[in-house]
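As written, the chains take the letters A, B, C and D, and residue 1 is the first residue of each chain.
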Amino acid sequence: MSPGLPFPQAAAALVEIGREAYGRGWLPATSGNLSCRIDADSLAITVSGRHKGQLSVADIMRVDLEGRALDPQRPSAETLLHTQLYRHFPELGAVLHTHSVNATVLSRMVGEALPLHDLELLKAFQGIDTHEIELLLPVFANDQDMVRLAARVARWLDTDPVPPGYLIAGHGLYSWGNSVENAARHLEAFEFLFECELAMKRVSAP
Amino acid sequence: MSPGLPFPQAAAALVEIGREAYGRGWLPATSGNLSCRIDADSLAITVSGRHKGQLSVADIMRVDLEGRALDPQRPSAETLLHTQLYRHFPELGAVLHTHSVNATVLSRMVGEALPLHDLELLKAFQGIDTHEIELLLPVFANDQDMVRLAARVARWLDTDPVPPGYLIAGHGLYSWGNSVENAARHLEAFEFLFECELAMKRVSAP
Amino acid sequence: MSPGLPFPQAAAALVEIGREAYGRGWLPATSGNLSCRIDADSLAITVSGRHKGQLSVADIMRVDLEGRALDPQRPSAETLLHTQLYRHFPELGAVLHTHSVNATVLSRMVGEALPLHDLELLKAFQGIDTHEIELLLPVFANDQDMVRLAARVARWLDTDPVPPGYLIAGHGLYSWGNSVENAARHLEAFEFLFECELAMKRVSAP
Amino acid sequence: MSPGLPFPQAAAALVEIGREAYGRGWLPATSGNLSCRIDADSLAITVSGRHKGQLSVADIMRVDLEGRALDPQRPSAETLLHTQLYRHFPELGAVLHTHSVNATVLSRMVGEALPLHDLELLKAFQGIDTHEIELLLPVFANDQDMVRLAARVARWLDTDPVPPGYLIAGHGLYSWGNSVENAARHLEAFEFLFECELAMKRVSAP
């Protein structure tokens, strides 16, 4: 019923997804943070400032859904952006915040939203079964004040429906899913679509 | 005589080609499907929705040449596009449907066909022994209705000669060969040629 | 207190960072050199002309802070650019000189400095905690005369503050940090930012 | 004195360089061929049509300096382009013919020669010790007639000095050196320089 995983399995899943996503260049220079639901009241999240390609269980800590540490380490300042998603979507299993070059660059180019359409890979997102839709991925202005940034995200989350992700300008992507596997598939699909969009922008019309 | 492989070898070949092609970014986010002929009446094909970089034999099933399941799993909706090729080409050994960024992007840019010429690597396609030809790779409009899409492909297959592949716009590539090795070489050659074409489009004339 | 490492650990750290950075294409064709402080008076540095992806301890030698060999091998001509940094920053632990395509290309395009701003990843640099700054990365003209080149770098080092790196036009990047880990994080951040800058230059305004 | 290697070592070196260069995308779809001098009268060369990333000793054969097979397999049609280099340069140890996307694309764009200058990595070529030179890499028209193509190359080889490589339009690169290691360094340097040149062409002037 619950999408959560016991802490050891949650931590192992984050170590593995960190290794994979770092290897693809999506978590450079200790950037990004990754989380996985444990149960209705807590989640596992990466400790601030760690090398995401070389995580071990000691780099994962528990926080409650308000972002308060349940372990002695310091959670990342961006923990708040994770916990608001788990509070909003009871079925949510994992949140992946990544910093790829393509997400960074597109988020500075497209204004308030990136429209995605006419691409078969949109079907990789849960609940989408055709390429004949337009998905609007919002881009929020970057902000070092997490409360203010979370408030902007909250207003968007109250719209319906929302795609399983958003961009922060010059900063990166938040993506999520009902399990670590789903979130990873959504992340992979977003990054594929970003690369397509940038490739199309690079080539002038025929 | 028959280009087919017994099911265990066919499945092992698809697991391996899935791992390779996923590693190159050609099968992202559970997209694509891969098949290999078993005999005159059946083929092995990937089960719908599986991670193509982590396939095991349990992710491969048998279908007949009309696309009917011979095993309890659900075949992909696109199985029809595979089986029409095996029916059309008795000597066909394998079909690889992939979703690379370059195939996706080019297929949305080039109109009804991608012309390929003056490239030595065209000689990688079976039966071609010079760069001094022009190969026209057709691009079909994307369609969630597989019967309608297969009918458009069928009309093109009846022309002669056809290159060992076609594009679907915003979707990806179908490529094939008389063995898994041949199909893999054709796929690799198409992806190389796509990257060349996109690179040439990116640079303005000298 | 001292940021140095005993020679065997310093050499092992350089072997590892060489393998990593070569694998990413930042040290092609025996280019580049890598150093790590041993103590207040000496450092470990790669011997001239070695394959940086296949270093062993035998490819690492000791020099003093004036660049004089403390071991029988020949230090690289660019050793002088390393030692001036260790003399200038007593807390410096490592210097990484790399030759990526992006550093080479950007350094020939941007004039006297590359401005970096509005990018969250600027926070990867020690002492920076916001994206709302502008970091000016200087670009020095390339020169085979190391004394003359070092003199130009020295004048810039006397300005305050300096980012943990500089470019040489058509040549590459020098980056550094208080430990090998810090220097590696700075290098990774610079290369990420270079890729972003080039990607943005490639796409015309929307 | 002789730059040659006994056949078993020559074959092992070609297997390894094939694996490396295939992994970088420089030998796609069975393209390319690799050779290494055995002695004054013979060389080891890859058999035609083999997968260059999965070579074994059985994929390497011996030919004399006129290109005649000394083993039962069929040498590649392009063997003639290898043997003319060994005849011309008595000190030559290895020839690597590769098909990268960048070599293919640049060779179709730059006319009769690719000028390379103001790049520190030019120093990777044997005998060059400054970036302040201009190296002119010739581009020959592609031709399926190897005798005719070799004659054009021969006229260029008689000029002095020549860089350790040339391009064939829409086809790829020949590069060489006095040992397999030198040839591999030259290949890596050429590919780095090609990537720089293409990156610079992609970005309009600042």
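The rule we apply is simple: a contact is a pair of C-beta atoms (placed from the backbone, for glycine too) under 8 Å apart; a residue touches a chain by one contact, two chains touch by 3 or more.
Quantities reported herein were computed from a predicted structural model and do not represent experimental measurements.
**Q** Which chains are in contact with both subunit B and subunit D?
**A** Looking at subunit D and subunit B together, no chain touches each of them.
**Q** If you take the mean of the Cα atoms for each chain, which one ends up farthest from subunit D?
**A** The chain lying farthest from subunit D is A.
**Q** Give a one-word verdict, same or different, on whether subunit C and subunit D use largely identical residue numbers at their interface, taking over half shared as same.
**A** Different-residue interface.
**Q** Any idea what the CA-fit rotation angle from subunit A to subunit C is, to the nearest 5 degrees?
**A** Rotation angle, to the nearest 5: 90 degrees.
**Q** Determine the centre-to-centre distance between subunit C and subunit D, using the mean Cα coordinates as centres, and give it in whole Å.
**A** Measuring from centre to centre gives 32 Å for this pair.
**Q** How many Å are there between the centre of subunit B and the centre of subunit C, using C-alpha atoms for each centre?
**A** 45
**Q** Return the residues of subunit B touching two or more other chains; collapse runs of consecutive numbers into ranges.
**A** Within subunit B, residues 202, 204 contact more than one other chain.
**Q** Specify the contact topology among the chains shown, as one of line, ring, star, complete or other.
**A** ring
**Q** Let me know each pair of chains that touch one another.
**A** A-B, A-C, B-D, C-D
**Q** Within their complex, state which residues of subunit A touch subunit B.
**A** 118-121, 124, 129-132, 185-186, 188-189, 191-192, 195-196, 199-200, 202-204, 206
**Q** Which of the residues in subunit A come into contact with subunit C in the complex?
**A** Spelled out, the residues of subunit A in touch with subunit C are 25, 28-31, 99, 101-102, 104-105, 108-111, 142, 144, 168-172, 198, 201-202, 204.
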